[in-house]
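Heads up, the next two complexes both have subunit A, just with different partners, subunit B and then subunit C.
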Partner chain A sequence: MAGFRLPRSVGLLSPSLGANAICFVVPLVYFFVLSFLQVRSFQVVFDPTTSNYVRVLQQYSGPLVSTLSLAVTVAAIVTVIGFIYASACRFIGGSKGGWLLAIAMITLFGGYLAKLYAWRTILGENGILNTGLIELGLIQAPITALLYNNFAVVLALTHYTLPLAILPIYGSLRAIEDLPIAAARDLGATDFRILKDIIVPQCATGLFSAFAMTLLFVAGDAIAPRLLGGTSSSMVGVFIQDQFGFRVNAPMGSALAFTVIAGSAIILLIIGLGGGRLVRQGDQP
Partner chain B sequence: MSQEFEKLRKAGLAMSSPSGLAQFRSFGMTTRRDFLRLAGAGALMFGTGLGQGPAMAAETVNFFGWQDYDTALDANGFFAANDIAVKSTYMTDNNEIIANAKNGGIGNMDLVTPDLLYGPFMAQIGLFEPLDLAQIPNFSSLFAPFQAMAAAKMDGQQFCLPFAWGNVVLMYNADVVKEAPTSWLDMLKPEFKGKVGLTAEMSHLVIPFTMAVAKTRAATRITKEALAEVYATLTKIKKEQARSIAPSFGDLAAQFASGEIVIAPAWEPVSVWAGEKAPTLKWSFPVEGSFSFIDNMALIKDAPHKATAYKLLNQSLSPEAQANAANKNMTAVTVEKALPLLDAKPRSLYPYEDVAGFWAARGDGMPPLWPVEKDGDFVTLDDVLSGWEEFLRA
Partner chain C sequence: MNMSITPLKIQSFPAPDRRCGKGTGERPIVSMRGVRKAFGGYRAVDNINLEIFPGDFVAILGPSGCGKTTLLRMIGGFLQPDEGAIEIDGVDVTKQGPAQRPTNTVFQGYGLFPHMSVRQNIGYGLKIAGRPKSEIDQIVDLNLGLVRMTEFAGRNIRELSGGQQQRVALARALAMRPKVLLLDESLAALDLKLRQQMQSELRAIHQEIGGTFVFVTHDQGEAFSLANKVAVMNKGRIEQFASPSEIYHRPATSFVATFVGEANVFKCRRDNGVIALTEDAVFQHSGPSGDVTVMVRPENIKLLKDGSPRASEISLKAKVADKSFQGSFTKLSFIDDGGREIDVNLGNDADLARIQIGEVVTLFWPANSMIVFDE
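Entry: the complex of A and B
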């Protein structure tokens, strides 16, 4: 009788699965368990409780809602702009499509903090934008509403996450064959119909990936609101950072983080189900 | 012979012998014998010291504290001259010292840099070793107020060595604000609407505003009602007057420089960090009182490298290390002999002409930490921190 042999694919996948388990699953489980513990006299004590989650819902519901709303806003903007740009790369750019994509990727150079400070330089009272508008005689005094508010946070996060969102959408668009599009056009389909019935359904996975990546990045960010947000831009990431650092309360910080993860997962589930239904409706004649 | 084999042969990846056997070239694969040979060579190199980088220092001291305080100690190549290496981890808040020491740091960490607000509490809960001043001859070089400072001692023993200090002052743009403000509550004036700066430093806001609102110098011994009033005032300033909450004093300096704010509770070096082209920045010490911080060097209990750590503690009070720290970080020095070594800018920021008088006006200089456990009607540290979060969420 032949002995049991693991499929070859399992063996090949095991290094990446192992790395994923060690770097992602184990810390996640650790922090999840931690979120049910407590801190007394600056030390974590094993006294399981759900009180951290109760406190999160009682005290942080405001920042939670505003954070997730802002994350959905940025993710929606980025997905739409990313789709337009990726479509241009795929369908209009022709042989130059790769270059257009490379240009988008180049904007990733310079790092996150540098981009945030650049936006401060652009949007500040003495910034490039205000100075330019004054020089052109379009305004008399600097517009103060450009910086230190949610507008500035959304703008900077959109700028940063856009190239990351373009990639999965472009990848999906590359898989769409030209033939069905040409056939639809020959049969008299409008551009909108082609977009709705052929392109979007076939790149739905890429669109969802772009939306999800952006949402998760923004929902956990603590730096943009600190640097560009105003006195009322209290995103949860700031409080998570404070709990781990300033309050030395890792269980509470973990509970906050897992609540954000749960909130993001619910949003993605709704978007995924809703998007799937739309795609299926589009498939029907 | 197959076409595929011929292609490999042409590429130099395969060869055939007259016997008909074929040999293929492999990349990256190592036989067991090769591996053992490599491991043996590695062990030999390790044993003989071949292949190592620079010679290892005699002892490595584990430092956990503010960035640049460690490198300041290396004035005039002190580390190399004394065969010392320093392994540094940087903190972002004093509370982290407590958390790290209690969660495995005792017995592993050597030197930390608590301020004198949290330092006495840390000594009280047994995180620090009492210092043997016989091993720190430079202690006698400290300005007299720092030698005598009660907060650095417990039961007659020294636990903290004052290393650097500074003050929370009411800074203003003198090009715009023609009359120097005299009270922290001046930030509520209508002319400063949208032009007030705040920082996310809890003690730097709560202590001065407690002095102003609750009208007491014992700013860390107040009732819940008084604390609520303090946060109500701060929230009013945040919502109605402030431009933003700067994440650091560097950011606050940038806001002063760009003209986005004209008044803020700040630290003296902000006037330098704002740059040469910034508006004229001046500051006042409000009549209600102000908060001064003193950062210290302290020895963690059961420090594993005590003898070397003592060398560094003594070095921290040398004129060279003091001047190095002040010239780098714009902090104030605690040793008089460092004054001639200071650059003009850091020297101009602090009242060095009468250090004793300056600290005498502040009583002992430092308020104690808010009570950690329930203490009569006084608010606890947890009450203050919870209120701070509520203030940030508001």
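Entry: the complex of A and C
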């Protein structure tokens, strides 16, 4: 049977496979190959080497680690808040849940840059927050520690990625029926046990996608750290942009990018496996 | 739930298996007093007083929207009554949720945990209760056997048919050995053959392990074949709570009479202790003068071949309007002079074959087979 079905399903999938190949696979392969080449006199020359990767690990391991840990932090915060918010959308009765979701989705209308600048306006020395607090007499001088550091970056990235994370979690929560929850309660489960045994295991995929999406977005971002981060919070995205930009070293930039991808993939693998085990443990009788 | 379980012995319910607990002076296992529940002005359940005794197999029977499921959910703790009190085994549980009550429900949609295996589903309640793993395994095995699903223990829920899921849901509730097992139209989703099979298995399980079962159904055949007591509900009230045969032969209200089984209903008057169905069909029946409803079951009516009916019998002339073979009997529809339809169920015999549509015959039935309700 499978032998007969395969050509047909391939045929049906070919538009999306084609789009995937052109927009995703081809560029990735191109940059992957590029990451093993070198630049001499501003020209990429075909001279395969692993020296780019060696340099990445020697010069950029600090930013790599801090970038990935910042990405994990944001992804964890966003997944938890996203789960709480999506649960509210799913379990608050009537049309209220739908409205909650709509409100979260409306915030997607604001562009990324607009949001980052908004945070600058809010958190800046003469920003809304500081002037407001001074007006209220709560502080004497503006707090300068609000902006140009990791806190501001985490805050802005959490704000931006949250609605995107809510969607997959909400989607998987929607698939959970009310009856098994009622049945668990009937069998003596407390709210916490229902959350742990019934709801979280069934929306594990949604939680993981939300986490992965946020992690990958943050790990590759070059704009939020540039606008809101301090000098101490250099993220790899900024360096990658530099390599492709005024340093004119695309191979080096590609090597950095693939190191970030590899690091993110390892983190997701660990979390996927660990989370899966945790979930399975949860429903052992 | 707090009773001790001896897993390998099947008779682990605390209550003795008795067919009917009425009138023994024993304490009811479920007692509802003045229970009311309204949904936005609509009275779903209206002043229910009900006592269920240990070992009873009770059916709550009624048309859709009569409040039967609401009543069951209030016993299970999924709904709180607006008024009144519910006691289970002598404890007031009115304010308790389903987790605290010694009841378990088999839901109409089963409500199985799709991410767990059959075994994990059945063991879940015991795991919550903190039972040791070896004990859980024993109880799960016992209940898998009870619903004949042993070979499916490791299966995923999604791989099971509707009937198999039904059995798992039943085993999951039974594994808790609830003081009262509640079944919410649990068999309604199954096809006829499977439903009949599950009915006989439910009956067998109840006989095997005892305990108190309460189930909701709109199917009177199911109610009669399973239950030893039936509560017939209409518009949020219990119209009658009695044994199936009492409900069938001595319905308390005209609703029960018409809802349960087939019935011919005559709307007429009683004047000075005399009721006249037609000009000829007159009989004495003491009671106040006024409108009455007279009911007679189709199987109690016979055809008069010759002679005249006895004094204790009622007779009237009617025309055969329709005749349909039903297998074990034949249903004849008559129309009398007043345009009333009368249904008669007759055993298949040679005489029946000669009856032609359009023919006028004399019908008769014993006066004491009629039931009269004052309106």
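To be clear about the criterion, the second predicted complex is superposed on the first by the 276 of 285 C-alpha atoms of A that agree within 3 Å, B and C clash if a C-alpha of one lies under 4 Å from a C-alpha of the other, contacts with A are read in each partner's own complex, and residues count from 1 in each chain.
Everything below uses one rule, namely that a residue touches a chain if its C-beta (ideal position, glycine included) is under 8 Å from a C-beta of that chain, and two chains touch if they have at least 3 such contacts.
As the structure is a prediction and not an experimental result, all values here were calculated from the model.
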| item | value |
| --- | --- |
| When subunit B and subunit C are modelled together on subunit A, clash or fit | fit |
| Touching partner for A:202 - first (subunit B), second (subunit C), both, neither | second |
| Touched partner set for A:275, first subunit B, second subunit C, both or neither | neither |
| Touched partner set for A:188, first subunit B, second subunit C, both or neither | second |
| Vertex subunit A, arms to subunit B and subunit C (CA centres, degrees, nearest 10) | 150 |
| Subunit A: partner with more touched residues, subunit B or subunit C | B |
| Partner chain in contact with A:179 - subunit B first, subunit C second, else both or neither | second |
| Contacts of A:246 with subunit B and subunit C, given as first, second, both or neither | first |
| Least C-alpha distance (whole Å) that remains between subunit C and subunit B when both complexes are overlaid | 27 |
| Footprint overlap on subunit A, comparing subunit B with subunit C | none |
| Sites on subunit B touched by subunit A in the complex | 92-93, 95-96, 98-99, 102-103, 125, 194, 198, 200, 202, 238-239, 242-245, 247, 251, 254, 258-260, 372, 385, 389-390, 392-393 |
| For the subunit A and subunit B complex, residues of the former touching the latter | 41-44, 59-60, 62-63, 120, 124-127, 144, 147-148, 226-227, 229-232, 234, 238-239, 242, 245-248 |
| In the complex, subunit C residues that touch subunit A | 1, 76-78, 97-99, 103-105, 107, 109-116, 119-120, 122-129, 133, 136-137, 140, 169, 172-173, 176 |
| Subunit A to subunit C touching residues, read off their complex | 177, 179-180, 182-190, 193, 197-198, 201-202, 283-285 |
